[in-house]
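Which chain is which? They are A, B, C and D, in the order written, and residues in each are numbered from 1.
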Amino acid sequence: MVRIALVGAGFIGSVHARNLAEHPEVRFVGVADIDAARAGDLADRMGTQPLTDTDIYDSDHVDAVLIASSTDTHADHLRRAAAAGLPTFCEKPIDLDLAHAIDTVAQVTAAGVATMVDFNRRFDRDHRELHRSVRAGEIGGVELIQLTSRGPSLPPLDYIATSGGQMRDQTVHFFDLARWITGEDPVDVFAAGSVFTDPRMAQLGDVDTSVVTLRMPSGALVQIDSARRTGYGYDERIEVLGSDGMIESGRRPIGSVSRYGPGRIVGDGLHAGWFERVAPTYRAALDHFLAALTTGADIGPTLDEALKAQAIAEAAARSLRTGNRETITYPVTPSAVTTH
Amino acid sequence: MVRIALVGAGFIGSVHARNLAEHPEVRFVGVADIDAARAGDLADRMGTQPLTDTDIYDSDHVDAVLIASSTDTHADHLRRAAAAGLPTFCEKPIDLDLAHAIDTVAQVTAAGVATMVDFNRRFDRDHRELHRSVRAGEIGGVELIQLTSRGPSLPPLDYIATSGGQMRDQTVHFFDLARWITGEDPVDVFAAGSVFTDPRMAQLGDVDTSVVTLRMPSGALVQIDSARRTGYGYDERIEVLGSDGMIESGRRPIGSVSRYGPGRIVGDGLHAGWFERVAPTYRAALDHFLAALTTGADIGPTLDEALKAQAIAEAAARSLRTGNRETITYPVTPSAVTTH
Amino acid sequence: MVRIALVGAGFIGSVHARNLAEHPEVRFVGVADIDAARAGDLADRMGTQPLTDTDIYDSDHVDAVLIASSTDTHADHLRRAAAAGLPTFCEKPIDLDLAHAIDTVAQVTAAGVATMVDFNRRFDRDHRELHRSVRAGEIGGVELIQLTSRGPSLPPLDYIATSGGQMRDQTVHFFDLARWITGEDPVDVFAAGSVFTDPRMAQLGDVDTSVVTLRMPSGALVQIDSARRTGYGYDERIEVLGSDGMIESGRRPIGSVSRYGPGRIVGDGLHAGWFERVAPTYRAALDHFLAALTTGADIGPTLDEALKAQAIAEAAARSLRTGNRETITYPVTPSAVTTH
Amino acid sequence: MVRIALVGAGFIGSVHARNLAEHPEVRFVGVADIDAARAGDLADRMGTQPLTDTDIYDSDHVDAVLIASSTDTHADHLRRAAAAGLPTFCEKPIDLDLAHAIDTVAQVTAAGVATMVDFNRRFDRDHRELHRSVRAGEIGGVELIQLTSRGPSLPPLDYIATSGGQMRDQTVHFFDLARWITGEDPVDVFAAGSVFTDPRMAQLGDVDTSVVTLRMPSGALVQIDSARRTGYGYDERIEVLGSDGMIESGRRPIGSVSRYGPGRIVGDGLHAGWFERVAPTYRAALDHFLAALTTGADIGPTLDEALKAQAIAEAAARSLRTGNRETITYPVTPSAVTTH
């Protein structure tokens, strides 16, 4: 049994709390939150106890920490866990400020604790099968990738305002997927975006709909389309064209019911929300984290990988502003990058 | 070039006429019909000439005859073609009266001319691939077959009245498919039927919806469901379960357009009418007939096979009346049966 | 919180145990088994305690009982729960001996406790949507139903020997679905079966592959095909043709990955085992049971419905032996049947 | 009957020849080719006669001309047909040299004859349904378009050398589709490309794999991926995201056969070659041309539309070279553009 403490009792914190409570290999030692009452409520519901920040980093009673607090506190918690020598499973991003994120990674890396960033799409069953197949060479060399990232509806504007913008908040998952699938770091990026949903998005300097092109050192080309509001549900899709064939992790309808009428067949639609679609990936990511802790298997996505995805997002955001293709500059950090 | 004359200028006659007119290996010498004006019109439209019954059987100018006249004249034309030594491609059935059909087959067989009956479903691209796969042993031994035969709307009652009933008119195609796929002659049959569309169907002694079970000598089981009116289009489907897997010739939508809305994906529907779905099979059957004539390849479905399908239909119609499982008695005819 | 005790710590008992342990509205008070060590192990793993038969029926500490013990003990446990006035959620069947089952139902019904039989397929997400649609009249009147029930591999012969045979063990779920979807009790049944997997199946008087036809009072026709061994996974499918359209609860692949190669697209397959496919239905059935207890909503499938499905299975088994269509005789029990 | 003469007896000429020969409303008066023997052979096979260039422009015997000769002769034939006052259906492009093409269009437009350029993808059944739906506002305002254009195998290098490159030869069809679907002229273009198939492609200054981004005046974003060699067949796909939903003209497999094995379902694949996939569009385009001639309906794609697609291709080719986003400059021609 791995003893895990949770920081953060908000929406994503609650998702992790349930997974921790139900996991047969986890002892869920407790939850802390900046709002102690919220921590207490969640602890009650999950049959665990509320903790303080100090309790959490008590390595006598805790084996690992799961950080799901608000974005601006991730870096601080990462540092404190590292100082306590505790392995950490941290929600993305490390910090919206790239320089601060780089500095944090340097410190955590120096401490030598195992750390994993929750780019949870990597743990989707279909994406994993695609990744396995591509890496096994089943479609030959990678030549072209299409990624679709579309949310059902515009998040609240106050969320948008602190999110870092579409590239850093939404598309960053797909920058990570592109690196993970190809095993390559893109060279440059071109992005174009528009606002269709709410004119205040433009006032915030953000876009709700965008397309991105990445060029890989091998010559492989990557297209990503991102939309904040589809009207038809949450839509995520990957397609990889290789020299020997193509593989697709396709749209996944919520059921297999078909209704036959004159001239049409009406099938079940996509998930109404992003969470319904990706919920199982949180548990799968936790399984991966636990396996790495207990078996010494490679852990990942690593902090360095998270920095790289963030560096791509920075360049993409710059391209959105300039209208030009932008070269991507990767941070230099002490440790080697592992793409597992 | 094979010189072919056509008998019958009705709907199916016109379908064959167009195929004959467009076929690069056919010289379409002309068309006869009991209604000379109708023959004249069709001949005009297809760039050929109207013929009399006598012209048709003139083997100096005709190499083969295509019989698409009304059902009650098939047997007579088959006999006349046989007497003239002309190979024949004949619409099904030979004759609704089984005894008369048997007698006709005996005479034609004695004359030794190549004859093919237009069980056109055998020439559907998907059904042929299923047949090839099953016969190649790709799914192991056949254990269970599901056949779906559903028309979009009830034909006119005067058509129904002379059709011989659902088993002899509609399901007979699927009796033929079951024999063709398995290479076996079913031992007995159970049928149950209902009337949902028009109460006059019952007065005609017919049903519009039915299910049939066939048992094969190998133990393979066959289920066929037939409906006259779906409301959603023409629906034909085959599924074969074998000892090593399953193969399906599935519903075929008319297009690949999908419309994504909240909770649903609306795809293109099935063909509105049976003809739109099976139209290419008429041409493919003609190709097969021509290939048999010019290369000496096996011809089929043969007259004997048509009699066998008809014998199954007879027993099925009997089962509908008695409510009991009925043994199938096959006619004994001079020639051997070839299932190609 | 509803306090629930579990009887049975075998495979299905363990499935229910996990659902009870994880359910936020359940207090899982403990588990009993004829093998006390097995009960102890399961209790340990689920964080509950082992119980004796006496503990289970202690209504001071238990609000409801879940019976998942071996088939031959169901009736006895149902009686004891009824005597204790405890609502019960019971695995099917009540008893393989129909007369004994009828007698048990009479006693339990007289006791007036809420009882639900675990025909879990009713709780499949797709089947429920099909049921809702059909009952809402979205396809008009029901005319024809196709049900497919195919397991991936032959169960052990010692399981088969005590199972009651394919009709009572496997197809009975689909007899229940047919009643549930149509709201009708079939009038008669025709069944035909074969043995393809292991000749000892025939020595046991059983079949591994069968087709069944049910006729409903309305004239609706039902076809069910059942196979014990597909080779390609677990395959369950429902298709309902109505006067205004058709609805299908289709084959459900385990993922949405497609691999494109020359001439073929290779998609993910079906579930390897039946349990993977139906696992969520156990939890959904438990939710339904809890909702009925706490809100007074209709409970079901009821004992009477279970008896009816069993009566159909009896007649179908008889038809397999006689080769004839068999009339179905339903037991007369005190309470009214509710098809919810 | 419309009397049509054909220029060009090569591969595409032969395709048009068959459609002309079989069309019930066309009198196929003959075919000319720079290689008279080739014209003679084709004329023989299609039951028409070989013509000289002079015969073709004899408006006493010809009502319209179909130009399917080699690309470098299109402009000359367009001028001669215009001079003779004959409506023309011309293969794309007008001329690979944009200035020459503009000059040709000016002359033809001044002559006032109806002219249609064969951007045949517009006549695909599924693309037309998508176009109809988008233009009818069924998905609201257009926000994002994905177009996939992938050929099965690299054409011969000598074809590539004179083709104008991937943008002008292949992707140009999709530039036209983007304009047709949105009714907008893109403002600028970004393209990136690679060579994966044959290093000589790079020596020719061409690419075999590319991605393109177009920005529309409305803010709509368009992504196009083009590949010369898939290995798995011809792959064409359109997806349009709108403010109220999404519509897709999807990959179209050649059949509906599915083969179920352990863990996989093997469906029929895509068309092996591009021609098999788009063959019906040639006939549909001819139907459109005839309808425009006989009913006075709008004709299109017009010469001006062809110029616009070509102007986009020019800018895209420039972007491939410079690596920058390029503004698109449209030619100014006398007549108004109609997007029908």
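Throughout what follows, a contact is a pair of C-beta atoms (placed from the backbone, for glycine too) under 8 Å apart; a residue touches a chain by one contact, two chains touch by 3 or more.
To keep track of the chains, here are their UniProt names: A, B, C, D = Oxidoreductase.
Since this is a predicted model, take the numbers as computed values, not measurements.
Should one ask which of B-C and A-B has more C-beta pairs in contact, the pair is B-C. Taking each chain's centre as the mean of its CA atoms, D is the chain most distant from subunit C (Oxidoreductase). Each chain gets one centre point, the mean of its Cα atoms, and the points for subunit A (Oxidoreductase) and subunit B (Oxidoreductase) are 58 Å apart. In whole angstrom, the spacing between the mean C-alpha positions of subunit B (Oxidoreductase) and subunit C (Oxidoreductase) is 42.
Under the contact definition stated at the top, the residues of subunit A (Oxidoreductase) that touch 2 or more other chains are 230-232, 235, 245-246, 260-261, 268.
Of all the residues in subunit C (Oxidoreductase), the ones that touch subunit D (Oxidoreductase) in their complex are 230-233, 235, 253-254, 260-270, 272. Per the touch definition, subunit A (Oxidoreductase) reaches subunit D (Oxidoreductase) in the complex via residues 140-141, 143-144, 146, 148, 150, 190, 192-196, 209-211, 213, 215, 219-221, 223, 225, 227, 230-232, 235, 241-246, 323-325.
Contact residues of subunit C (Oxidoreductase) toward subunit A (Oxidoreductase) in the complex are 22, 24, 45, 125-126, 129-130, 133, 138-139, 245-252, 254-261, 268.
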